[in-house]
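Both of the next two complexes hold chain A, though its partner changes from chain B to chain C.
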Partner chain A sequence: MTSRGVSRRQFLRTSAGAAGVAGILASGRAPATAQTRELSFLTVASFVPDTDKELKRQFDEWGAKNKVKVRLDIIAHLQLVTKKASEVQARSGHDLTALGPGLGDADLYYDYLADLNDVATDVAPKNGGWLNEHDYLIRGKWKLLPWWMPPFPMAVRTDLLEKIGEKNPDTWEDWLRIGKKGKAIGHPFGTAMGHSADANVTLLSIMWSYGASYVGKDGKTITINSKETRTAMDFVKRLYTEAMDPEVLAWDDASNNRCLNAGKCIGIHNPISAYESAKKDKVVVPGSQREIAEVIDHVNTPRGPVDRKTTTGYWCVGVWNFSKNVDLAKDFLRYHFQPENLNKWVEAGHGFNMPFLANLTKHPVYKSDKQYRHIPDVAKVTVPPSWPGPTTAASQQVLDLYIIPDMFAQYSTGKMTADQAIAWAEKEMQEIYAGRRRKV
Partner chain B sequence: MRLETLNEGAAKTAVRGETPTRWLSRALASDTSAAYAFVAPAFFLLLFLVAYPFVLSLWFSLSDARVGETGSFVGLDNFRRLLGSSIFIQTLQNSMVFTAAALGLKTVLGMALALLLFRVARFKRLIRGAVLLPFIVPTALSTLVWWWMFEPMYSVVNWTLKGLHIVNHDIPWLPDPYLAMCTVVLVNTWRGLPFFAITLLAGLVSIPRELYEAAESDGAGPVGRFWHVTLPLLQPVLAVVILFSAIFTLADFNIVYVLTKGGPMNMTHLFATYSFALGLQSGQVGQGAAVSLFLFPILLAVVFVQLRLVRQSTTL
Partner chain C sequence: MSGSRARQIRPLFTLYLPVMPFVLFALFPLYFMLITSFKKNAELYDPSSIPFLIQRGVTFGHYQLLSNETLFWSWFVNSLIVSVAATVISVVIGILAAYPLARMRFLGGDSFGMAIFITYLVPPSLLFLPLSTVVNRLGLSDSLWSLVVTYPTFLVPFCTWLLMGYFRTVPKEIEECAMLDGCGRLQTLLRILLPVAVPGVICAALFAFTLSWNEFLYALVFVSPAELKTMTVGVFSELIRGDIYYWGGLMAGACIGSLPIVVAYVFFLDYYVSGLTAGAVK
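Let's turn to the complex of A and B:
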């Protein structure tokens, strides 16, 4: 029977369709059959590009196995700051994100990161446990997984050492002596002292090696004003004036790599990326046919009168809690942190990217080339930049504003006395820490 | 004449029982309503793209907002803290020196370039187009090239100077705090020069030739003609160009970020780069906004003085 041209069957079909559309609109979700699960991951380009290729391979493989459409976005590490901030501000963007350099993001974005306690607990036993578990807990929680660090050994030109009658150095004083001799023959020592991440790393390493620090264990007391800091500053002033060129004040993170690979610097404090690129590009020693990679050696991060300590970029991975795919993201993290996958990933990076997991520090790659032999030793003495204090948004801000490099530079260049430079840094740090406390 | 709002008109049409289309065509037929209708898109554009961000940043500067949070009201606390920070005081000084030096150079060189371009007869279009290149090329890209030229280790400028035996050592363009400031001023001048030159050239072209002929017959030389004819008649154009350039220069970000990142020792930090470091890198949105808004009263004063000068010179 039809009524005004509409059959009963047509009427039922139309009504059911309308009810379905209304349901979809009300729930705000596509029906299960039409849903395409998608997971996006924002990360930073590695200095060893094969690392990114391996990560992409694993992400694609996981996506294919789980029928999830995956998207890996790789950006330059300097762009990550603004990208993270805009995603948090908009509560929208990628599901998984690289965080860092440093653990400070976990404190800064604490309210926007999903808890990863379950994943951290799952992946640790399979990989021999976390290296220093308490360092990575922010306010007692796993808000991110520490992912990889590029340990900071010292790279040295063995041919130049021979020329000046020296052997592989071990202490900061050795490096000062070698730098002086090297500078005299046109091959200075090189470490950044300007607004760059490497400057933070090396100058903090020197501070700790001389017994100084900028914040106490309580994460509140500013400890920069000490006689140990003065000793460290005197040492850096000598290093700057006697063993280095003034250009280090304007160096970026790649400048020391260029200095070593161009045959100028006798030694640099840096991850193995300079050596890797020299080997890959077959860079030769200027004026000879000899490959520069053949005359580079890597030794442990230097020891000071008090300690042997260093830091590095703590690159981490987290899941935004405003993501609609938190469980999927955690699932991928479990997959990526499986021993076989991490092993392949470390191998692809030629040891540049060392995970914060005990078994991975013993990866065969570190025995595959004598250049990598000290990297596990460096990892053992690597601590977060806020050491001995906890990582907080304030400790991260001290690094972001380059207070420590500026303190050293102001004294080394004679712009300030040691006392003035320390007082300046102390005031800036106190203001940063006080400003962060007001909010809590 | 009484202004009738669109809503009132709509209400009346509803009472009269007119169709919306008929009402719209009637409304547009009236000059006032049509004017409002045409101005409305621009008004809403300004409201959402200028007024809203401005009010929001004003709120941020008076709050302890952080990334992802709107924050709570803290009054002028952010500004008080900034004034107690030696990095900010340094930034303030840097911004003043940078703007004054770059504006001065751009005005003098821009005028010289405009006068040169005015005299060029052959390949006029090609040369004028080429002069605009620094202004057209994306700043981040062109600044990277400048960075390469002044790069601490392999500066091509140093290489050339040494090759020509002008100097016998590397000049620390970027590591030296004062030379670093000179370098960022130089790059900003290079980038902003075409804006000055082309705008002043347009002003030069519009000056009647008879005035020069009259000045010449009165015995005025080239300097006299420039001083008594060109400069007074270019004053309104010059004032507007300086006004715009002051705003752009004071708010510069790319050049400093690419060349020095505010270093060495914060000696090249400008408002925008320090605001970026505080607001985005450290997540202190409130403080970052306060740094940016420190510019506002300064710019307001600059705009006020400039516009008064323009008005005075045009009413004379």
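Let's turn to the complex of A and C:
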């Protein structure tokens, strides 16, 4: 028997359904049970494409296991600054993001990054612990996970060493001597002295090797004006005038790779990327059929009178706190940082990407090619660019404004005296650390 | 005989030879792009090789790399879709804005015209941050629509300004005749002014298409998925890896990328020149 009117039960059912639909439409979001969970990750294109492929494989695998739709977006590292700025401005974008090249990003975006203390604590014991745990803390907190670094050994042409009667060098003075001899036969030493990340790395390495630094351990005192800095500057001036060509003042990060692979430079301070690309492209020594990769060797970053230290790009990963998927993002990080996954990822990168975890510095890949043998040694003496001070937005700005390369270049080219160049750099750094330049 | 020979030779000295340095200067980057895209990597690295010639044989490897190992053709199509859509939208809005500013007298008309021009001068590097908030609120992030919507922010002021200049070169009297015959404003615009102003419209469209096609910053910021990237961003992302630049691939991408622009200008060059010059003298 049917009634022509609407029963109370029908009315309630219809009303509840309508209210539900209205609620969904008003919120613009599907109910939790129907939502597909999504996780996105923005990272930079690795020099070794297989690294990105392995990361994508792991991301997809984790997504399939957890029924999460995943998206890995890869951009050139030069684009990352712009992309991060826009995502923070819009409070929207990817859930996970690469940070770098340096730890300073985490201080700059401190208020927008989720705390990763729990993840950092979970993943470290499984991988033999962090290499230098305190280096990675930003204002005492884990605002990022240090992900990978490309260690900076020295690449040298062994055939040219033989020609000038030298052996593999070990100290900066050795390199000066070899560079002089090399330049005399048309094969100078090459290190960038312009506005490039490589210039920051090599010139900081020289400063530390001669006992100089630009900021104290307290992260406040500017220490650039010192006897040690003057000694380092005198050394670089000799290196520039006696062992290098003036073109190094205009070099970018790719220039030293090109100089080595073109058969011109006798040696460069660089990750193994130059060697790897020479091997891949079968580049030959000019005027011969011999592959240039066969006459390249890699040695430890040079020692100075005081120390042996270097730095590099500290590539890190963070989770935006405006992400709706912070927990999922952390879960993926735990998955990626499992020893077996990190091992596969390092292997895919041919050792170019070394994690900041003790066990990974002993990865078999570093024994797979004679060229990689010194990379773990280089990693041991690698410190953040702000060393001995902590990483801050100010330390990052010193790098981003290329104050150190400019200081060395002004003196080396004779445009300023050592005192003038140091006084200029000191003033710039003091302003940055006082916060006056941060809003520029 | 000698007179006609002199007449034949004269353009060589008065036209072709004087123009030759400018032509070479303009074409050199294209030539360099082209030969670099066909050189083998080993030759690209060799400092003893002559950079302006291919000495060790031609390779199509860089084009194969683009086609087989990247999403280059998807990026190409994305660029085409975005550029055509943004151009059409901007030219239509530009026409509708330029007509009243060029023809009608109303309070603040001149100031409004100046304000449009000033808007064009605001650099995208300042605008991308606030625009990213707008794009996000519109829910257009990571879609080609984000570019179709944002490109007109710099295209519309430009098209409006260019078309204002061109519309002013068209005699007002022919419109007045049409109005006497019963045409309204819109009909006058569509049936009288636009057919006469075709060179100006094509010129604005060409410029708008070129600016959209070459745009980099918004395409980088508003679109992340690899399959949705435009060509400018895609090529840059895939072929610069750390401190290794795939020069051959980059140049191959640049060569293919310049083709639509070259084709467009070849077909519409006369319109382009007359569109620019007519607007310039009024």
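Here are a few things to note about the model shown:
Just so it is clear, the second predicted complex is superposed on the first by the 413 of 440 C-alpha atoms of A that agree within 3 Å, B and C clash if a C-alpha of one lies under 4 Å from a C-alpha of the other, contacts with A are read in each partner's own complex, and residues count from 1 in each chain.
Criterion: a residue touches a chain if its C-beta (ideal position, glycine included) is under 8 Å from a C-beta of that chain, and two chains touch if they have at least 3 such contacts.
Predicted, not measured: the structure shown is a model, and the values here were computed from it.
In the superposed model, A:Gln396 makes contact with chain B only, not with chain C.
Shared-chain residue A:Tyr109: touches chain B; no touch with chain C. In the superposed pair of complexes, A:Pro286 makes contact with chain C only, with no contact to chain B.
Looking at the shared chain after the overlay, A:Gln89 reaches both chain B and chain C. When the shared chain is aligned, chain B and chain C each come close enough to touch A:Arg258.
Using the contact criterion defined above for the overlaid structures, shared-chain residue A:Thr97 touches neither chain B nor chain C, since it reaches no partner. Shared-chain residue A:Pro150: touches chain C; no touch with chain B. Of the two partner chains placed by superposition, only chain B is touched by A:Val81; chain C is not.
With the contact threshold set out at the top, residues 82, 85, 89, 91, 258, 262, 264 of chain A are in contact with chain B in one structure and with chain C in the other. By the touch criterion stated above, chain A contacts chain C in their complex at residues 40, 42, 45-49, 71, 73-79, 82-83, 85-87, 89-94, 150, 198, 253-254, 256-258, 261-264, 270-271, 273-274, 277, 281-284, 286-287. Here chain B touches chain A in the complex through residues 64, 66-69, 81, 84-87, 152-154, 170, 172, 174-177, 180, 260-266, 277-278, 280-284, 287, going by the rule given at the top. In the complex of the two chains, the chain C residues touching chain A come out as 41-42, 45-48, 128-130, 132-133, 135-136, 141, 217, 220-222, 224-226, 233, 236-238, 240-245. Residue ranges on chain A touching chain B, taken from their complex, read 81-82, 85, 88-89, 91, 108-109, 111-112, 194-196, 245-252, 255, 258-259, 262, 264, 393, 396-397, 400-402, 406, 409-410, 413, 415, 424, 427-428, 431, 435, 438-439.
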